[in-house]
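Both complexes shown next keep chain A, but they swap its partner, so chain B is in the first and chain C is in the second.
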Partner chain A sequence: MDITTLLVQSGVNGLVIGMMYALMAIGFTLVFGIMRIVNFAHGEFYMAGAFIAFFTYAQWELPFVATILIAIAVVGIAGAIIEWVLIRPLRTDELTGMIATLGISVVLQNSALMFFGASPRPMPEVVSGLVRMGPVVFSWSRVFVIVAAAFVVGIFWLFMQKSKTGRAMRAVAQDQEAALIQGIDVGRIYPFAFGLSVALAAVAGALMAPVFSVSPFVGTAPMLKAFIVVILGGLGSVPGALLGGLLLGMIESYGATFLGSVVADMLELGLVIAILLVRPSGLMGKKEA
Partner chain B sequence: MTILNENAPDAENVGRSVWFRIALIAVACAVAAFIPGLLPNLFYVHIVNLTLLSGIFALSLWVIYSVGQLSLCHAAFAGLGAYISAIISMRLNIPPALSLVLSTLATAALAAALGAVILRLRGVYFVLVTFLFGQMFTLLALNWAGMTNGANGLIGIKAVTLFGISFGPRPMFFYLAFAMFLMVLVFVWALNRSTFGRAFNSIEQNINLAETCGIDTARYQVIAFAIGSGIAGLGGALMAHYIRFISPDTFTFHNSVAYITMLVVGGRSLFWGAVLGAAFLTPLPEFLRDFEGLQHIIYGAIMIVVLRVMPGGLISLPRTLARIGGAK
Partner chain C sequence: MKLSALAFGASALAMASAASADTMTVGLVGPLSGGAAAWGSAMKAAIEFAAEDINAAGGLEVGGKTYTIDIAAYDSHYNPNDALTAVNRLVFEDEAAFIVGPLGSAPLAALVPTTTENKKITITAGFTPVAAAPEYPYSFRAVLPTEVYAKPQINWVVKSLGAEKIGSLFPNDETGQAMSNDISSAYEAAGADASAVEFYERGRVDFVPLLTRLLAQGIDTFELDGSPPQTAGLLVRQLRELGFEGNIVRTGGDATNDILAVAGPDASEGLYVHMEFDGGLDSVQDYQARYIEAYGGTMNAFSPLFYSNINMVFEAMKAAGTISDADAIVAEMAKISGYEGPAGEVSWIGEDFWGTKRQQFVPYAIGKVTGGKPEVVATCTVDACE
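Coming up: the complex of A and B.
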């Protein structure tokens, strides 16, 4: 295999995981920006999305678009309810809210373990076949993940920019009190933002389910990566999450190809700790008072 | 004159409370002496031993919490102590009693070095960086196979021997664990009452105000982080010489979460809360064995429920009950 092939292959792989990280991180950072909560249960919603995809697509054989829509609806509504019932009363300070999400994560993960068992389930691919471009070969399923994720991010961006609710959410993230004065119902924005955030995680889970397998523990690694991405991009910054996700995907893919995955992982963690120390607000975040 | 009079009963009270506590500890020791004999079988002794170790972990986490920082890599420091003690006792043939002390000091020193760098971060940022550090520890323990034997872990770690007595058997280890737990408890209590404790407390309540009052908050935070993590290292080392097997799985993120749960469920405002939380939550999974698979769910649910109904934790229970009963 010559170097161009290697570079292009790694690039495509980097784009696939990068888009997945971006989907995870956008939701994660959205909740942090609006509610000031670090959601340690974010990965469990990814896991939920993966399981929904498995049951609706692999077992009931619904079309994949329906699968994604069901995942968004089910996880989004469940997320809004969880915010309403469990997180809202505990949002008094950052640490308490964070500890609550740790508890939610334990409950969700072990519930999945109890109902579905620990063994990973393989899932059939959504599109099959290979793309050949000269010496470069990659599967259509990878391209599909990239395109679908980009589509979802695009819709999310349009929603945040143009719709009334999206603008209200950005207003609350900027200044909660000022938003309140403008007549925005902050109490309604919270569960909506939380639901939207975890629905994005569910989309990531559903899209990646055919690439990786489906098990109760699949959410942990993407959540860890989402942490890294939001630190990289800046806590609370949505463009930062997109940029950071793609950047991390590329670093990981090329790092693993040329340095080995262990070295790449250690380097990545070291890089993030360095960024936190030198510029805690991340690449695109705003300085906090 | 009046000032003196006002202060006098106070001092007397403090003196009395010190004697009261010493008496309490003496009673606890007397009771503890008979515990291994009273328990029906070795399994119960094992649970009590694990509870004492959890108590050490939770207390040490409380020390860090008392300066207003939540560490998500507490298990990593416990693991660091465990690995250092196990490796130096196996490779360099250092007696485990000495390696316990050395690993505690080494862990504290490493925590101080790390803390000096990362403690300038506050709140969420600190939590995230400690989380990442914990992940790095797990990766290192898994992949530095020459030192840690990778995922297989270290086996055949020597038991602690002191004055010719081996603390390997469970009932014997109980005495060691109890002594260590008591030592940590008294140390944390004394620390809490010292000027350090007052400084920690003021930092936890309002770090900016504390800084304005001339308290070197950065220094005190590093000290608290080093002490807390060092004690965690001691607990980890004790665990290594008790179970006599350690692997990267022994000290993961989930263990860090478990210690935080103990702190939350017991109560975060006082160090007794940490002890209570450990005493309540460590044996709990054993009692939930009938609900196979459900036990972790119940664990997580208890955490959420306690946060929701009893934010002060179990130590606030008497007050909560009194309030429900109509007292003011």
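Coming up: the complex of A and C.
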């Protein structure tokens, strides 16, 4: 394998994993930006999306588009209800809210363990076969993840920029009191934003399920990466989460391919520390007033 | 009314005390969740079946007393800290008569000083030499470690498959490091180049960058040993996604069913796997049918091996006439020969390796996955596979 092949191969690998991190981190940072809550259960909504994909696509053999839509609807509505019932009463205390999300995480993961067992469940690929471009080889299933994730991010961006609800969510994120004065119903924005955030995690889970298989623990690693990504990109910044996700995916891929995983892991966390030292608010985060 | 309630309470208390006096608790500490759960579940099924058999037969008669078997099971998460916490509970709170587990070298190394100091017999699957070391006389191992099967099996792979440049990935912990040394040494000794080695953190699911790094080194064979079942399945799948067409070999630690489940039959076709025993035996088939009926899914091959070893402890307790004198039980364990377990006739080996004889051995084999099933292509002794 020559150096050009390695560079291209690593680039594609980094793009796949980076898009997954970006999808996870966008939802994660959205909730923080609007509600000032770190959702520790975010990984479990990724897991829920993966299980929905398993049952709807692998078991019931529905089209994959229907799988994604079901994952968005089920997890989004469940997320909104969870926000309304469990997080809303604790909104005034951010720390208590965070502990509540930690509890939700444990309940969701252990429930999945009780109902579905610990064994991993494989899923058939959505698109099978390999793409060969000279010596560069990658699977269609990974290309599908890149395209589908980019499409979802695009739709999300359009929604946030052009729709009334999206603009209202951005207004609440910028200044809650000013948004209230403008007549925005913040009480409704919160559960909607939480539902949208966890629906994005569910989409990431559903897209990655055919690539990595499904188990109650699949959300743990992406959740940790989402933390790193939002710090890298800036807590509360959606463009920062996209940039941070892609950057982390590339660092992981190129680092592991050229230096090995042990060095890549050190490099990854070293970079986070360096960014925190130089730009404590992250690459695209705003300084707190 | 009050008096009768008091009398009822007192008699219930007395009955409970009598019952607990004749109950023997057996501990289990193994990975019941996560990537290695297939192995932990296999261990749990083994002790549950053994307890079910004894309890159904009226209990275990030892020294004039009859004991029903109770199980206290804890998830080690394949983690030394959690395994040690579980063992402390088993030793000091549950007062387990013996312990099934742990699985993995790192958890075993962490807890074996405690079990030795408190004279608790362990039936482990930790591949570290610590499991059979002379200074830990209560540690028995149910599953053959890499150190034993690596040489004969890898000699066969190098000679029969013409393997020259081997790539491998191991978890970045004591278990992975120990296995990496054993596997690499065996390949080097057989005349192959095993220098393309990488390590990963447990829990990782995307191995494509690391596999790309290994493929760039021109490997013709990939060794899967050292990775838990789910991870091994992901490795097979991702190797094929990168267009790797060389041989993929699993030298040890049964994971065939899980690899097939995760990677799928197409990616697994032609995979060479370690078979813990001859899967065609009627006794194994019966055990497997029982397992599937009880738990569904597929059976990991560790289960019948643990079942044999656990029953040997019960036999030794009967012979020794005690459930608490570990030295007497260990002495009786050493005398057991030709025990017929579901996986075949069991013997003790290990003197040539560690100077002790606490390693269970049943003849094993190499299989090639054909049409979604492993078929025996060579059978093995401690010395060679043919």
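Definition applied: the second predicted complex is superposed on the first by the 287 of 289 C-alpha atoms of A that agree within 3 Å, B and C clash if a C-alpha of one lies under 4 Å from a C-alpha of the other, contacts with A are read in each partner's own complex, and residues count from 1 in each chain.
The rule is simple: contacts are C-beta pairs under 8 Å (C-beta built on N, C-alpha and C of every residue); 3 or more make two chains touch, one makes a residue touch a chain.
Note that the structure is a prediction, hence the values are computed from the model and not measured.
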Kindly say whether there is room for both chain B and chain C on chain A in the superposition, answering fit or clash.
clash
Using the touch definition from the top, say if A:Phe212 reaches chain B (first), chain C (second), both or neither.
second
Touch check for A:Val38: first (chain B), second (chain C), both, or neither?
first
So, A:Asp265: does it touch chain B (first), chain C (second), both, or neither?
both
Just chain B (first), just chain C (second), both, or neither: which does A:Leu95 touch?
first
For A:Phe138, decide between first (touching chain B), second (touching chain C), both and neither.
second
Partner chain(s) touched by A:Leu113 [first = chain B, second = chain C, both, neither]
both
In the superposed arrangement, which partner chain does A:Trp60 touch: chain B (first), chain C (second), both, or neither?
neither
Once chain A of both complexes is superposed, is A:Glu252 in touch with chain B (first), chain C (second), both, or neither?
second
Which parts of chain A are touched by chain B and by chain C alike?
113, 262, 265
So in the complex, which bits of chain A are touching chain B?
32, 36, 38, 86, 89-90, 94-96, 98-100, 102-107, 110-111, 113-114, 224, 227-228, 231, 235, 262, 265-266, 269-270, 272-273, 276-277, 280
Interface residues, chain A side, partner chain C - complex
1, 6, 9-10, 13-14, 16-17, 113, 117-122, 124, 130, 132, 137-139, 141-142, 212-213, 215-218, 220-221, 252-258, 260-262, 264-265
Over in the complex, which chain B residues touch chain A? Could you list them?
70, 117-118, 120-121, 123-125, 127-129, 131-133, 135-136, 139-140, 143, 257, 260-261, 264, 293-294, 296-297, 299-301, 303-304, 307-308, 311
Residue ranges of chain C touching chain A (in the complex, touch as defined)
32-35, 37-38, 41, 172, 198-201, 203-206, 208-210, 212-213, 215-216, 230, 233-234, 241-243, 258, 261-264, 297
